[in-house]
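Structures given as structure tokens follow.
You will see two complexes here that share chain A, one where it goes with chain B and one where it goes with chain C.
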Partner chain A sequence: MRMLDRVARKPWIWSWVAAFVVWFATIMVTGGASTLDLSQAALTFAAFSIIVGIGQMFVITLGPGNVDLSVPSTMTLAGTVALKLMDVDNAMILAGLGVAVLIGIGVGILNYALIKALRIPPIIATLSMSFIVQSAAIWTNRGLRIKPPNFLADFTIANTLGIPNVAIIALVISVIAWFLLERTIYGRWISAIGQSMPAAKMAGIPVDGTRFVTYVFCAVLASLAGYLLACFSGGAALNMGTEYLLMSIAVVVLGGTAVAGGDSNVPGIWGASLFMFLVVSMLNTYGLGAGIRLIMTGLIIISVIMLAGGRQPGVR
Partner chain B sequence: MTIRKMLMASVAVACAAMPVSALADTSGKKIALSNNYAGNSWRQAMLTSWNKVTGEAVKAGVVAAADAFTTAENQATEQAAQIQNMILQGYDAIVLNAASPTALNGAVKEACDAGITVVSFDGIVTEPCAWRIAVNFKEMGRSQVEYLSKKLPQGGNLLEIRGLAGVFVDDEISAGIHEGVKQFSQFKIVGSVHGDWAQDVAQKAVAGILPSLPEIAGVVTQGGDGYGAAQAIAAAKRPMPVIVMGNREDELKWWKEQKEANGYETMSVSIAPGVSTLAFWVAQQILEGKEVKKDLVVPFLRIDQDNLEQNLANTQAGGVANVEYAQEDAIKVIEAAK
Partner chain C sequence: MTGEKLKAIVEVADAKVCFGAVKALDGVTLAILPGECLGLVGHNGAGKSTIVSVINGGLTPHQGNISGDGEVLTRYGINSARARGVRCVFQELSLCPNLTVVENTRMMHRHLGGFGWRKRAKEVIERSLDAVFPGHGIASDRSVGELSITERQMVEIATAFSHAGVAPRLVILDEPTSSLDASLAEQMLTYVRRFIAAGGSVIFISHILNEILTTASRIVVMKDGRIVADRPAGDWTERGLVEAMGSVVKGEAHRRAVRDLAAAPVVVEQGGSGMPFRARRGELVGFAGLAGHGQTRMLMKLHAAQSSDWLPRRDPAVTFVAGDRHLNGVFELWSILKNLSIGSLGDLATRGMINAAAEAERGAEWKRRIDIRTQDLANRILSLSGGNQQKVLFARALSTRAPVVLMDDPMRGVDVGTKQEVYEIVRQQALGGRTFVWYSTEMEEVCLCDRVYVFREGAIVAELAGDAVSEENILAASFRGAAA
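This part shows the complex of A and B:
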């Protein structure tokens, strides 16, 4: 009973409960026949939200006002440039990955340069950066879709032991992120800055360095997600990142990470990402119209946030 | 007698030539393109076609200028401001792909009052003083079901992939599809998802609904979503239904691969992005003084089993099957509407 009580107090539990309820309601439509297919599809598509969500979570943890709105355009640019460079050649896979990561690093550096050097609030800085990055994506390939190399296309679609490969990649990244947050001094610094920047400064924490690394980390994860998504869906498209702007923020908030910063958790990102995919599937499965579907999605998200947000002060 | 005949003949010739010689010269006229969005391959192809065709027209001295402007945010207010700037810059005609059918009416009216010809296409405006080059989207939806009824006379279950919720075009195509299903009652729509005209969104939505669906005979689409649907269905290891395609290169390429591997048959239908060039020539014709009806209809571009290879060969890798229009095509469309 004590244990149950302790679990119920975890901020991430509600997104998992919600995901499970929606998953159960969806498979019941077919009397359980769709269990395996639906679970695999959910893991596959949640993986992309998880990867960008983790990056966004690190940024949001930095405290009020910190958010990276350049995530979608970074995904698009990384996907576009990497696929153009690889040009369907299996030998270029690593080079393509390298370029995607370099783009992430570049966007991250520029983001923080705007924030720090020009003293622009992060929300404006990353938004304006996203226009530049999106234009760069349009300019590099004019919206033409180049196919990914065969090996990569097969790899991103395939399963290993029944688990989609992209979900395994997301799991590896999640474990690294969890380790960084919970077991390293860097993770402590992020939380400290998020709770109070002046206090963190006085405590001798390298605030600028930490924030800089965090923005770069977020952009690199976004470009990695863009690279994988472009390979998965058979080519980069100019609008492929669009839905990940709100998605990356929604999974962070739904997952129980404090919007005001200073408190984050990785498991919640998984629950929330699975939930976000499953809720659309469920409403589609029940055949509701687009209007009702959007209203329902909104209402469900609000109720989950209300439940998840109802934690007692002082309890973490 | 012969002289009289010759005289009469020359009068006849003069009469016939009259309308032509009475037309105004457009070589000094300036035309602007006001475009609300550039963030997908269709729009990029549309802009490329515009630059290519109008560039040649400017070089040939048909018009003085044909500049393209795109707004950054796909918003009606921003585009209204852009149109007002064009009025101040003294363009003679504005070719318009509008962010909203109604929200730009004020700005369009201002342009008309300033004596500017406004021709809207694809995203049309309802303001009566503007010309409209519209696509019969309903028929585009209905024809898909009609095709399926010939291909699968016994009927079956259909999955419908819609576009962006709340957009006029999405409602129209979907209404056409439902009309078709009413007409050919052997079909039943068992699932409907929004694919936002994007392969990756469609793939995600289809993968989500697929586990709960019975066997599907056909997939009706709106363009830009067929390949994503095929990917999702292949990943679920289901038998491949007849997926109606939307003229994107990746869709056509997939279709060709399937055709060669197992004789897969389908059709593909969409509007050619080159419709912007048709709008350009219509604007030029209006400036020349031609009488043109306010509502024109542009045919959609359909690809069938036998002309697939030819169309695929003409489509740029990663682009959209396209047709660029010439002045004669515009004249034909104008004549057809009379």
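This part shows the complex of A and C:
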């Protein structure tokens, strides 16, 4: 009983419960026929939200007002430029990955430069950055749809031991993120800054350096997700990042990370990302119209947040 | 009261106010009669602001009662105070910067509402500005944010004396001249005298003793939440006031021996508008003066000059103990241990990875050394009492390797026992070669220091060393015009 009580206090538990309930409700309708398919699809699609969401979570942890809205355009630009560079050539895979990461670093640097040098609030700075980055993507892509190298295309849709490869990548990134947050000085610093910037400054934390690294980290994860998504979906499209703008923020909030900053958690991102995919597929399975589906999605998200909102924050 | 009985505009009888363990007012009885200017003086924390808040209705005393015009007022608040003509000018300017002077006037006078209020408010404020500060040159349609601090203060004073519906009968002026130059201050004081002569009353708080002596008709000295002297202004001298504000005899038992540190190397230096600041190795340097006269800003400046916002430093040069815990001290979501170790994570980690065992050990060591009262360091920081939270902040700073410790009035709300423990640690560490820069609003603490800088109006105005560090000298330097 005490064990149960302790688990119920974890902020991430609600997104997991919600994901499981929805998963169960869906396979009950299909009579368990496509359980494995559904689970694999959920893991695959959730993997992209997880990668983007973790970056967003680091930024949101920095405190009120910190959010990166340039995530979708960064994904698009990284995807298009990388695919163009690789040009269906298997030998160029690592070069493509390198370019994607460099794009992420560049966007991150520019984001923080805008925030710091021009003293623009992050929400405005990253939004205006996203227009510039999106334009750059349109300019390089010119509406062409370039195919990914065969090896990458196969790799991103394949499974290892029944688990989608992209989900394994997301897991590795999650473990690294968890380690950064819980075990390193850097993790302590971003949590401290998120709780109180003046206090962090007076405690001797290099506040600007830490925030800068965090914005770069977020952009790099976004471009990595863009790279994988472009390969997975058989080519980069200009609108491929769009849905990840709200998705990346939604999974952070649903996952139990404090919107006011200072408190983050990685497992919640998994539960929330799986939940977001499963809700849509459940409503699809029920054969509901598009309008009803959106309304239901909204209502379900609100109720999960309300449920999770009643919790007592645990000791950190 | 003797002679014919004038009825007091406001009378406070035996008022007591406590903030936690601190007695802000300890049984104060004060009556303000029509046609008198009451000067109110006292050092930081003497209770001046608290009694003012009680009189203007902002604070209900926990004990005692308030009466006005001979009748006891049971429900006394800001609105009923205003309805009786009690007005207040605060040190912290209370105008809305985004509104114009006229709009601010409207906010103060509820009777100005209705059609055409702009015209009426304009008349009211301009009449008052012209009366108090002839030739002021302030256009009443400008927004307050555009005005200089002096002009804002002028508007604030004029608003308090303005007449719309309810005439001002008692105006409280809390350090009104701090941002006025000499000629404007003289204009205002002249107006105050006229106002008094016409039967109005004023409570006048100022750290410029000259003003008080020449303007007030009666002077009340407060100390530790009590009134210690109440005499007509003619009976006072500057010296007498300074003496009455200080404690008569203070135990000098635990006073430190005078140490000669002239040979020790200088570790921090900082120029400024006043005298330069300098601290030597192993020295206890005190910052004194009235609260809010630039001491905290100086500490922030020292901290900013010695630390980087971009790159972590391998060897921290300074560390900071916050006095305002909620603003720049504790991390509220964290455990006690994390709050303690955040300052010295560099020593507890290898290649950026925190060594949990070393962290726990460091925590346990300091829990014992300064006796943080908790079952478990994994408890949340907010589960501790204020004094124990402050101890955690001390431990955070003292456990670093930084050679200089900056302390921003860290003993606010800390009980006596804890204070003694911390004094002892500070003294030992200073002997070990650490430098402490200590801003305190408490005389007793300032007197523990080897050398003291006294601040006034944002600058260092006096430096006291060795035996010259005394309450009397500090008070004399804090109050302008009392240096003689």
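Assorted remarks:
Here is the rule we use: the second predicted complex is superposed on the first by the 312 of 316 C-alpha atoms of A that agree within 3 Å, B and C clash if a C-alpha of one lies under 4 Å from a C-alpha of the other, contacts with A are read in each partner's own complex, and residues count from 1 in each chain.
We adopt the following convention: a residue touches a chain if its C-beta (ideal position, glycine included) is under 8 Å from a C-beta of that chain, and two chains touch if they have at least 3 such contacts.
Since this is a predicted model, take the numbers as computed values, not measurements.
Bringing the complexes onto one copy of chain A puts chain B beside chain C with no clash. Of the two partner chains placed by superposition, only chain C is touched by A:G204; chain B is not.
After overlaying the two complexes on the shared chain, residue contacts for A:M247 are found with neither chain B nor chain C.
Taking the Cα centre of chain A as vertex, the centres of chain B and chain C in the superposed model span 120°, given to the nearest 10. Of the two partner chains placed by superposition, only chain C is touched by A:G262; chain B is not.
In the overlay built on the shared chain, the residue A:R183 is in contact with chain C alone; chain B does not reach it. Between chain B and chain C, B contacts the larger number of chain A residues.
Applying the stated contact rule after C-alpha superposition, one finds that A:S191 touches chain C and leaves chain B untouched. With both structures placed on the common chain, the touch criterion links A:V99 to neither chain B nor chain C.
Measuring only between alpha carbons, the smallest separation of chain B from chain C in this overlay is 31 Å. Put simply, chain C touches chain A in their complex at residues 303, 307-313, 316, 318-320, 322, 327-335, 338, 342-343, 345-346, 349, 352-354, 378-380, 396, 400, 402. Within the complex formed with chain A, the residues of chain B that make contact are 38-41, 43-45, 48, 72, 162, 165-166, 191-194, 196, 198-201, 203-205, 207-212, 227-228, 231, 235-236, 248-250, 316-319. Across the interface of their complex, chain C is touched by residues 183-186, 188, 191-192, 195-196, 198-209, 212, 258, 262-263, 313, 315-316 of chain A. Residues 26-27, 29-30, 33-34, 37-38, 41-42, 44-45, 131, 134, 138, 141-147, 157, 229, 232-235, 237-240, 242-243, 277-278, 280-281, 284-285, 287, 290-291, 294 of chain A are the ones touching chain B in the complex.
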